[in-house]
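Shared chain: subunit A. Partners: subunit B in the first complex, subunit C in the second.
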Partner chain A sequence: MTEQPKTLVELSGVAKVYGGVEVLHAIDLALRDGEFMTVLGPSGSGKTTVLRLIGGLVQPTRGKVLLDGRDISAMPINRRPFNTVFQDYALFPHMTVEANVGYGLKVRGESRARIRDRVIETLRLVALEEFAGRYPSQLSGGQQQRVALARAIICEPRLILLDEPLGALDAELRRQMQRFLKNLQREIRTTFLFVTHDQEEAVTMADRICVMNHGRIEQIGSPEEVYYRPVNEYVARFFGDNNLIDVALGEAGEEDRELVSDVGSFRCRLEGRSAVGAATRDSPGKLLVRPEAVVIGEAANGMRNRMKVRVEETGFVGPVSQVTVSAAAKPELRIMVKLPSRAGGIPLAVGDETEIGWSDRECHVVTA
Partner chain B sequence: MIRLPAAATAVLFLVAGFVLLVLYGPLFVAVFFSFFSFENNAVQWDSFSLDAYWSLIHDESIIDSVLNSLLVGGVAIVLALVLGTTLAFYYNGSRSRFREVLQLVIFLPFLMPPIITGLSLLVFFREVDFPRSLVTVIIGHTVFVLALAYRIILARLQTLRTSLVEASLDLGASRWQTFRYVLAPSLMSAIGSAAILAFALSFDETLITLLVTGTESTLPMRLWAMMRLGFTPDINALVTVILVATTVLSLVAIRFVKLPDQS
Partner chain C sequence: MPRGDRMSAATETERAAGEEGLAAYRFILTVLAYAVPFVFILLPLILFLIQSFYYVEDGNIVHQLTLRNYERFFAGRGFVPVFFNTILLCLGVAAITVLFGYPIAYLLASLRGRRKYVMMVVFVVPLMMSYIIKIYAIRAILGGNGFLNRILLYLGVVDEPLTFLIFNLKAVLVTLSIILLPFAVLPIFIALERIPRSVVDASADLGASAFQSFRDIVWPLSVQGTIVGATFVFVLALGDFITPQMVGGMSGFTFGRIIYSQFGFAFNWPFGAALSVILLVVVLVAIVGTGLITRARHQL
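And then the complex of A and B:
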């Protein structure tokens, strides 16, 4: 990508106060044209408020919402070229699927013939053309979900807002819908803003993830960035399992940095945008090592970073086996190791003294 | 489904049968005597006739009172529904303290003994020098049935998901279009049952009517007047007609309420 994609929607210093409580603290967020962004956070993090602010369901207390650089903060919801897929789908119960999907065109005063054509076309896109005459109550959850989606995309919005749309579906259907949504988004080339509290969902679907917590944005980045280069401990713990070791920053080498801990000193190459950039010598931080980046036993020999450990627990979890070890120098420090499972099982027993290691590329540091 | 022992079922059947007999027995007696006459302490089995009905439709004062009742009921429910819907929307959408006061004002005439409501209206109409007529009766009935219409519509409105309104606006509909296409259809069954119940209430309302009417009389007032002159077969015939009409109305109401409510 040589040129920067243009910004479609921007939140500039947007804060929202509900009944005296500030649920959103002056956030800045730029949504690029054509991207699939997920807003991820626990309940109460303000993620739904972000969606409702952009959609126009609520007005910002401070700050501006911009579309193509123009302030649309005061634009009423029914004028904004965005459509929402609601968490409960919000299908009109007294209308057929066809009438539901055609609603957005009907209220714009399109001709009946054109509405009919477009509805059929759109229902085909979500594989529901046979259900046009049904009522929402006669459809399964996944089908209702697709009707809600069809109803939104038929209006050809600049942006589709999805408010935890997969929350009510079972695991298998969820995965199907995730793939479906992703493909659909590529096909219709529309910007998607997808709100979820499920980090796995966010990682598999998004071009970029916006991680929120307590009404603030913690980090915005690609799934790889937030996974491998979190900006703080919160994000580091939010995505999957992570090993965190307290360290003090030591001498900076030419391409790596020394990190001093209770269990020895390590070296780590710090790449990309790292929170450690501005930190000075001796400031405390945390070394992050993903469990799947840690090797155990003989394999640790060639590694830059090594630690003597004792095996505390082993477990088989399908494709990976999980081993928990404690540092020999500091038994309360537990490290989790994930190994690819092999038919013979892992050659380790609880109580074994061995060594673990990890490459100086497979680690990351956040400052406290 | 809970299965009851046979003995319990039998007892329940007996109790239910007894209650139905006590409730509906007198009605059937009235229906019976609208066709047969009772003389010399015995039912005259050979006296079957439709004379009572015949004289009923030739009694202009009765026809007038029926028309008055229909007119009062019809206008009162239209007014009550329009006011009730508007007020229900206001209550549901507002956060002001005033809405609780307003709700109390709506409920009071319904909760107070009708004689108090009727007297208050009477005193009011006299004080402002408003001539008593069917118009005052209509006002009285509207005030009386408004609480019912308001309550039924509000109950439905409160169960409507706000996301439906949000979705409609989100899809580009105006407020009016949202009301027209989304809210009104969802409220239709509530409005229908409110109309029928309000009409039933208005149809047999006697006390308030008695106090605020001018020279016109409604059907219950007419019945009351007829009974003072003695118990004639005409009264039985009238009761039968009202019974049939009410039953038909109730059946319609049940159909209305049972409309597939796919929410």
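And then the complex of A and C:
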């Protein structure tokens, strides 16, 4: 049996009201010591408020913020053992990189010699030791980002809060920084809370993802969990291009269950929450099939679930090719299929009548 | 040639003509942009400078270049002490306005939303008000039969109206400080406004106390605006001759009043011009000095 990881920070029934509007509705969230958690949600979902509440920039209207089980709701920001990497980096423009990074130690009254040593050490960690004497305005966006990071980690906080820190970077630099952050987190073994609206970023970086919407937490789970076993339609749609088919529950088999829809009936092995949620017969739900789990053409022959379709659209997007098809029995039902791209292209043309199929293991049902 | 091509050729010519027109337009604008300040600012200054090297004999200006006006300033009794006293007075005004202006600007900048701009307007309105009205208002407060004296008499603090409140250099100092206060507040306010909130949040996040945040972040980032405000006030105070005249009395004699008297009473324009040139040098030194100080610091 694995040991239950210790809870570092906990939000307990935390609600936040801004000018009469409740932006956070009594949420509960426990951060485990040493984990990389991303808080994922669209703008206005309350994800930044969660970060600010933990950091101490705002106080909860109701509920408590706990650190090691102690209530820290009233603890001022400058006493909390957390550091933040701000969205706009918030570097001190009048200080050199060295002074910026050393500031957290300076206000604590550390000796100059020690600050210098620690700054050099930390700058090496973010590969910026050459830039100690520069001013923030003389650095590129990615470099400023790493200064902000160094400034936060030098204080050896219990938790590092990152507020969409990669938002302003271009795609390539963003990927580099994602890898860098992930490695850094492993190296310094500090808990990271990373706020983002980019689901791909959340999936690639996190140990656990907390999906938020309209001031509520929709789901907390590992990237695989939220990706393959979303708890509801919102989460399912948030992780891009999911195929959702309205279904009603049919007969339960030995290992699988029948799902009845107006484009035919399917047999699926439902597991975990999905099986529990679907326990009531005839409860309306949606069958979720990921586009990459769907096969098309001859490959569909061997599959348990099949459907006659017409090809509506084909598109090449690098490593995968996207094919949109409509169900022959119900043309308004669109299914997205993702296939590995091949140099020869995909042997399908718009208007082709063909068949799609998917395994009974690639199904998941969410309540509508 | 296909019709389409001819069409595009035609529009091409039109566009070329249009561009030519635009270029001419730009040329005129450029000339205007340089000519207006030249004709209305630089040229009068040059004429003034030349005037300062002429002299007056028997009430007539002699158009002959001489240094006698400048010699008179440095050698003559009374001018140099008044000159330095005036500079000291204006430095005092700058110091007072910054001392009071900084907290006001800080308060304004820390207000949120609509309240901030309502308060801003409250501060800017006196700026638009006629200068003379403000001076009269201050006279009405500080004067022998003024508001302040009446209150003091009524409260029994004094038996006779205080006379040291007005018609001396201190009264000039107070009046100029009140009148010029908004000129100090505005640049400081703008400097404080430009500090991103997240930067101050970041310093608190790193463990700085409110005082440390102010000392290490807010003050260094607003000191430029403060210097600009002080320079503004200093330069405006230096050129003022109406305030000293109206609240300064006999003892509140300033350099501005001396210059004014050369033009208004003595009719010695060349000497007045020379004194003005000296004042201008001080103003230029102040402005260039400010520029150097603020440029040396790192820009946001």
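We take it that the second predicted complex is superposed on the first by the 363 of 368 C-alpha atoms of A that agree within 3 Å, B and C clash if a C-alpha of one lies under 4 Å from a C-alpha of the other, contacts with A are read in each partner's own complex, and residues count from 1 in each chain.
As a working rule, a residue touches a chain if its C-beta (ideal position, glycine included) is under 8 Å from a C-beta of that chain, and two chains touch if they have at least 3 such contacts.
Just so you know, these numbers come straight off a predicted model, no measurement behind them.
**Student:** Sharing subunit A, do subunit B and subunit C clash or fit in the superposition?
**Tutor:** Here subunit B and subunit C cannot both sit on subunit A without a clash.
**Student:** Looking at the overlay, what does A:G55 touch: subunit B (first), subunit C (second), both, or neither?
**Tutor:** So A:G55 meets both subunit B and subunit C here.
**Student:** What is the contact status of A:R151 with respect to subunit B (first) and subunit C (second): first, second, both, or neither?
**Tutor:** The answer is both, since A:R151 touches subunit B and subunit C.
**Student:** Counting only touches as set out at the top, which of subunit B and subunit C does A:A26 meet: first, second, both, neither?
**Tutor:** After superposition on chain A, A:A26 lies in contact with neither partner.
**Student:** In the overlaid three-chain picture, which partner chain does A:G104 touch, first (subunit B) or second (subunit C), both, or neither?
**Tutor:** Touch status of A:G104: both partners.
**Student:** Show me the subunit A residues, by the header's touch rule, that subunit B contacts in one structure and subunit C contacts in the other.
**Tutor:** 55-57, 76-79, 82-84, 86-88, 90-94, 103-104, 107-108, 135, 137, 151-152, 155
**Student:** Of all residues in subunit A, which touch subunit B in the complex?
**Tutor:** For subunit A paired with subunit B, touching residues are 55-57, 76-79, 82-84, 86-88, 90-94, 103-104, 106-108, 135-137, 151-152, 155.
**Student:** If we count contacts the way the header does, which residues on subunit B are in touch with subunit A in the complex?
**Tutor:** Contact set of subunit B toward subunit A: 161, 163-164, 166-174, 177, 181-182, 185-186, 261-263.
**Student:** For subunit A, which residues are in contact with subunit C within the complex?
**Tutor:** 55-57, 76-79, 82-84, 86-88, 90-94, 103-104, 107-108, 135, 137, 151-152, 155
**Student:** What does subunit C use to touch subunit A in their complex?
**Tutor:** Listed in rising order, the residues of subunit C that touch subunit A are 196, 198-199, 201-209, 212, 216-217, 220-221, 297-300.
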